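Please find the structures below.
One chain, chain A, appears in both complexes that follow, with chain B as partner in the first and chain C in the second.
Up next is the complex of A and B:
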């Protein structure tokens, strides 16, 4: 393994791209303002279809902020840059998933030649705990893109004509659409009969699950919908999960970045009440979530 | 022996190239192509262009080519070279990309003595975007963002001289000019050799941009000669 500490995030990002072009599995990690700078390389990866993996330890913002709780980097991860956001964003909710989804990230990046984000937070990044490492990694080979022994590659990510870039984009969007169907992943927990469905992701979803379990024990029909791929977002499953719900609750450590995704996914369902527990840049405990749900019963 | 008109490693399909008539990029690329032919390395070379007029060379060669953003042509080259140490990686950029927006990457690569070769075309302005002032703009030089003449009080930025004290002792740094094909080829050859020896190298090529200088042939040469008075050519670090 080669470890390289670069001068900044664009250098790390483009270095990772160079290594991927050369046929090596490569990745980087950053947060906050560094995440913004990294998007420079991510759009290049999208444009030239180069595999790319980054771990983001979200930080509270605006600006460079705190380092434990935050879900405020969701929109940048999903749509940062001046492209169409043709990437995959994974949201692990505990240490085991951090391990498993990181394996998945490499698999997806090299399978589809797309950028993949693992979107964590300081809480997940810094905690220690037991992880089962026995899961076998599916190994997708990292073939070199340049020096591939077959043909000379002339790659670019800059076009001078609108028509030219539009043609490329339409092709890529179509391709992304079919990839999306294959990779969408979510956890639907006790939603079949749920009158209240709570929407949460990442470590906040772990706290939410605790709360939902507790309230279920008292016999109330509560469920959890947790997207594991935040992009692509499994809107169809999200809709199915609220089939019997009268109310939904959206919980996140941000002010509606996730909430807007949820309401967009549920667009068209009108007879449902929406409650929100938004705590931008703060952690959310199972007790707070339990409290909120109990008030909705 | 007379030289063919175009190097063998040039991608004939991409001709005529996209550069303006009289552009120094074409001359630089042509000479780079001759060196690649001479060294017989076209199949094991990776060419990384930047943004700016350098990007117009994305399909200039029948050689693996990738394109990046300002000065990141150095960073992507670093990744490529680390992944494929046996290849020759040439990073090709302008003075705006290399010495301003992406300078950090040149500093990082030079400091770590990354085994890559940077060829930086200095035409004293941001050419592709319409000729705005760059750190290399000469005092008083009129550009589209300084029509009354550059207001810079300082001397223009001297890239190789700036990098010299922070580079590894085995690094190779030089400046040549686009009107001196023999020297261009000599320095590029040395630079590639230095990469093969595991060290960083950079060759700055002082170049013409008649389009943004708004000069005819004669005035282009006159201004170029004037620039050469300040931008001294020669080896700045490494063996002569």
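Up next is the complex of A and C:
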């Protein structure tokens, strides 16, 4: 492995693209304002279908904020930049998944030639715990992209006509749609009979699952819906998970970034009560979530 | 068994070092461990917290509300961890840094260790945190002494290379912490 220290995130991001063009698996990591700066390279990867991997350790914002923790970078990871947000965003909920999904990120990026984010947070980035390292990558080969010995590719990110770029976008959106079906992944935990379904993602989902398990032990029908791919988002499965629910609870360490995704996915289901536990830039413990759910029973 | 331990001090005291050495020793003693550091951008000053969990079963989430043990090493950290102290929490604090009366709001069992003074008078100031580590491990009871020493020596190996007497001071600090708890509890 070669480490390259760059002056800022645009340099790091375009450096990753350069390495990928040369046939090397490459990646970078950042957070907060650096994540904003990185988006320039991410949309370039999107435009020219170049594999790209970035780990984001979400921290409190806006601006420099804290170096500790948040879930506030969901929207930038999903849709940052001036494109249609054609990328894959993975949300690990614990250290084991951080390891496994990072392996998956490289597989996906080089299989589909798309940007892939591993959207972690300050807790996941800094905590220590046990991880089983036996999982192996599927090893999708990385070939040089512009010139691979057989042909020379002309990669384009600049168009003269609106009709021209529109044609490309329609083609890309269609392609992304079929990729989405293959990669979409969610955890649906005890939702079949659930009267209350809790929506959470990332490490907050780990805390939520703990709370749901405890309340289940007392015989209450509670479930958890957790998207593992935050983009593409498993809207169909999300809808199915609330089939028997009277109420849903959305829990996140941001003020509604995830909540908006959930309510959009459930649009059309009108006879369901929505409660929210939003704690922007602050951790949420299993105990707090348990208290909140118990009040809803 | 699941022990939730919250160490609260300030940047530069070695709070995170205590946590790292302790969880490695606990892991080597066959326990499941979880550790989450929590501090701002300061290298020194500013409240520094370490959330530690040692358990026989899997650790699901790194942060918690209710601490079984709260180790308080700085005055300014007291307010930050008020909400983590319940009637069942056991407090360990350095009474050469803050007075017992400053913790009078917490009507729980308290163990006072003058680690900062002991380090200055008997050893070197920098092993203050090693004294706390020894005291905490002794109080927890389930950390194997050999594992703890190994974890400590592994952690400070680069420093021992630079200055060999560091090894002696740290091992002595560990013993001093353990002995202090044994004396208090009459073990």
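Following the convention adopted for this analysis, the second predicted complex is superposed on the first by the 297 of 297 C-alpha atoms of A that agree within 3 Å, B and C clash if a C-alpha of one lies under 4 Å from a C-alpha of the other, contacts with A are read in each partner's own complex, and residues count from 1 in each chain.
Quick note on the criterion: a residue touches a chain if its C-beta (ideal position, glycine included) is under 8 Å from a C-beta of that chain, and two chains touch if they have at least 3 such contacts.
These numbers come from a predicted model, not from an experiment.
Chemist: Clash or fit: chain B against chain C, after overlaying the two structures on chain A?
Modeler: They fit: once the shared chain is superposed, the two partners occupy separate space.
Chemist: Given the touch rule stated above, what does A:297 touch, chain B (first), chain C (second), both, or neither?
Modeler: Once the two structures are laid over each other on A, A:297 reaches no partner at all.
Chemist: For the overlaid complexes, name the partner, chain B or chain C, with more touching residues on chain A.
Modeler: B
Chemist: Taking the superposition on A as described, I'd like to know which of chain B and chain C A:135 touches: first, second, both or neither.
Modeler: Neither partner.
Chemist: What is the contact status of A:10 with respect to chain B (first) and chain C (second): first, second, both, or neither?
Modeler: In the superposition, A:10 contacts chain B only.
Chemist: Touch check for A:147: first (chain B), second (chain C), both, or neither?
Modeler: first
Chemist: Contacts for A:23 in the overlay, against chain B (first) and chain C (second): which applies, first, second, both or neither?
Modeler: In the superposition, A:23 contacts chain B only.
Chemist: Looking at the overlay, does A:48 come into contact with chain B only (first), chain C only (second), both, or neither?
Modeler: First partner only, chain B.
Chemist: Look at A:2 in the shared chain and tell me whether it touches chain B only, chain C only, both, or neither; answer first, second, both or neither.
Modeler: first
Chemist: I'd like to know which partner A:127 touches here: chain B for first, chain C for second, both or neither.
Modeler: A:127 contacts chain C only, not chain B.
Chemist: Classify the contacts of A:168 with the two partner chains as first (chain B alone), second (chain C alone), both, or neither.
Modeler: It touches nothing on chain B or chain C.
Chemist: Tell me, in angstrom, the smallest C-alpha to C-alpha distance between chain B and chain C in the overlaid model?
Modeler: Closest C-alpha pair between chain B and chain C: 26 Å.
Chemist: With the touch criterion stated at the top, can you tell me which chain A residues are shared between the chain B interface and the chain C interface?
Modeler: none
Chemist: Which stretch or stretches of chain B touch chain A in the complex?
Modeler: For chain B paired with chain A, touching residues are 11, 44, 46, 48-49, 51, 55, 58-59, 62-69, 72, 74-84, 87, 102, 104-105, 107-108.
Chemist: Report the residues of chain A in contact with chain B in the complex, numbered from low to high.
Modeler: 2, 4, 6-8, 10-24, 26, 40-41, 44, 48, 144, 146-147, 152-158
Chemist: List the residues on chain C that touch chain A in their complex, please.
Modeler: Residues 20, 23, 27, 32-41, 59-66.
Chemist: Show which residues of chain A lie in contact with chain C when the two form their complex.
Modeler: Per the touch definition, chain A meets chain C at residues 66-68, 94, 123, 126-130, 203, 206-207, 209-210, 283, 285-288.
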